[in-house]
Amino acid sequence: MDIHYTEEVSNALKENRAVVALESTIITHGMPYPDNLEMARSVEAIIRDNGAVPATIAVIEGKLHVGLNDDQAEWLAQQKGTMKLSRADLAFAMVRGATGGTTVAATMMAAQAAGIAVFATGGIGGVHRGAEESFDISADLDELGRTPVTVVSAGAKAILDIPKTMEALETRGVPVIAYGQDALPAFWSRDSGFTAPLRLDTASQIAEFMQMRTQQKVFGHGGILITNPVPQSSEIPYSEMATIITVAQNEADQKNVSGKAVTPWLLSRIVEISGGKSLETNIALVKNNADLAAKIAVAFSKLK
Amino acid sequence: MDIHYTEEVSNALKENRAVVALESTIITHGMPYPDNLEMARSVEAIIRDNGAVPATIAVIEGKLHVGLNDDQAEWLAQQKGTMKLSRADLAFAMVRGATGGTTVAATMMAAQAAGIAVFATGGIGGVHRGAEESFDISADLDELGRTPVTVVSAGAKAILDIPKTMEALETRGVPVIAYGQDALPAFWSRDSGFTAPLRLDTASQIAEFMQMRTQQKVFGHGGILITNPVPQSSEIPYSEMATIITVAQNEADQKNVSGKAVTPWLLSRIVEISGGKSLETNIALVKNNADLAAKIAVAFSKLK
Amino acid sequence: MDIHYTEEVSNALKENRAVVALESTIITHGMPYPDNLEMARSVEAIIRDNGAVPATIAVIEGKLHVGLNDDQAEWLAQQKGTMKLSRADLAFAMVRGATGGTTVAATMMAAQAAGIAVFATGGIGGVHRGAEESFDISADLDELGRTPVTVVSAGAKAILDIPKTMEALETRGVPVIAYGQDALPAFWSRDSGFTAPLRLDTASQIAEFMQMRTQQKVFGHGGILITNPVPQSSEIPYSEMATIITVAQNEADQKNVSGKAVTPWLLSRIVEISGGKSLETNIALVKNNADLAAKIAVAFSKLK
């Protein structure tokens, strides 16, 4: 299978050094240029500062890249009309020569293929509100159920149905671990009001858990979901976010925003309603997750 | 594992020539004798005319057949009380010496075991209307999520809940490709009113996509669903079908038809309401799918 | 992978003799001490009386045990605050040095890893009532979909939504077999009012079905669910149980019992309402399942 590595990533993998995978829909669909590029670069810097190597994953003109060099990141950050690649269409983009950002599901697939055990993102997809009628459930959940990669997130995006998402993860046998607290985080907020099923307090503990799962590969273990609360200084408390989300959703309903348009519409409307604060929180949590993911990858590389 | 091949299929597989799998519930449960036999023979002829070898799959007195000779097809077409075999009961029929037609799920399993990459059918099973209460979701969807066979269909049977079926396929990471158009077909109709997630325009493009997925087997790719619109001359437009389906369903509700009886009852009532037209359309789309499947199998055999 | 066997189990596995796995949440969460220990011992005795070896599975201070000696069983039966381990947290308990009983899902995982083909329990988890809103679906169902172990049960616990559980098993391709009757049992009752999808009448027939599935491992078969009706002398008829369950559920609703607290609350309230009869039935059905599981394991060991 044909994966294009940067020399930095390729060398790190050969030498069993710490590598952290990064998704690229945050670049292609998350923010406008040049904010997206700046964000990507500062996230990569945080990973390097921790002694790990960042491996941003994307499909560029049909080639699957694990690690982007400066020119590639710059180029990708400026593309319009790129695909948003999940399990169903990753190979499709590759054979058609398309360019796309990878979601959590597709990034997990590429990370596993490349031998990268840890992956940092903002939040995972999950069960959408109203899924009891729409059946709209992200492919990220099935991927977590089958692909043995540790995903460091700030939880499920809080516009989703969090209790249903937690149930769906339990059904699929995915461990959900709150980092350093009992409460399950909710993306922009440190505390969703729900208790996380499991808790670990250090990067080393997480690495040891990963090692135990690796040793038990006969069990066919899938992914691990780490939910890492956004730093207190950057959080928007859940009570406040709940109101903002409700307002945004009511507007979406009134304007008949539907289907795949709902999530991006809500996320952008929430930025407006919060006066830009939700975007700051989003950036802070992504950086915070990159930091923890790098620490986990370093701890894990010492155990192997 | 004990598979019974016809010499024609066995030779074609050894020589890496194009083979198309066919399901057999269309013979055992889809139509009465001798219409079912005639249909099966004309479908096989279409595949041979395209330079591929047909491999009808069925369990006959406990033996799994991949390819039926004339006597076997004739015999199977006349059996009464045969099983309708899905993943859960394929091995059960084999150990008990039973006879059964294979659904999409069981045909995919046998095709994969035999090394056949392409399979032609009418329509796949999916999420039933009312599944938000009944949880009635076909095993075909899970099978598409895990078994790497390309299924050439005219979409999901339109008595199903098409939007929910599409969501369930996305969750499971199944690429859904409309052939030669943007619209998702809806079995008897060329246009369901929904846009298909992906589109390809030639058998070669589909074969290339299959090859890319085969090369990427590390990704654990499952099946590919091709949705091939019925020829215009034979279609019943969706607006017309929607009315017919609604009438049939209201009758089913009034008569308290429930459980596993609903689908066959609806399909047969729809034939009556449409004055036989829906059966003609059904036959036309199966032939059309066999034709496309054969062209894909031939293109794929040249790439290997 | 580090599994701790008793000498009895280890020898039996080496010599390809019949072994029956047993879960341990019945010990840690099902009954108080010393009833739980007494129950565990009598179940093990029934298995030995049939010429098979019992292998109770549990995690004790981080170690995965397949088979417990007398001291370990005695110790486990007296622990408080143990974990209830499913797929998501089995490895977590192991790395953290915790102690826990294994659910159906985790017991299946350990049985497969140990090479044990048959597992006896009371009832499996399934789709909870109200799951159309809560999405509360046991990980046991996904495990049955993927892990090739035969689970001998008295059906799904009848406080669950039985029709939805049956649909979910069909979607996942799990054969559900009623033993010796057409009706699907419903834990405390011999007849749920539904017909089981499949029926077998002897332990040998079940062993032959298992062998056929084993020979067809290319199909990626998961588990088999045997539903074994509780002996008539111990059953509570379904009409009676339905009333008791409804009363208990109404009380749970009035008292706002919710989330993970519902199932244990209902089970214990049902014991009270039935004047202790439901507990007797529960014990009788577990013993009855151990007996059948042992007979299946013996028959299967002769076929290998």
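The first chain written gets the first letter, and so on, giving A, B and C; residue counts start at 1 in each chain.
Convention: a residue touches a chain if its C-beta (ideal position, glycine included) is under 8 Å from a C-beta of that chain, and two chains touch if they have at least 3 such contacts.
If you're wondering where the values come from, they're calculated on a predicted model, not measured in any experiment.
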### Message
Looking only at residue numbers at the subunit A/subunit C interface, is the share used by both copies over half or under half? Answer same or different.
### Response
different
### Message
Between subunit B and subunit C, how many degrees of rotation does a Cα superposition need? Round to steps of 5.
### Response
120
### Distance between the centres, which are taken as Cα means, of subunit C and subunit A, whole angstrom
36
### Query
In subunit B, which residues are in touch with two or more of the other chains?
132
### Query
Which residues of subunit A touch subunit C in the complex?
127, 131-132, 145, 163-164, 167-176, 197-198, 208-209, 211-213, 215-221
### Message
Per the contact definition, I'd like the list of subunit B residues that touch subunit C in the complex.
### Response
1-2, 86-92, 94-96, 105, 109, 112-113, 132-139, 141-143, 146-147
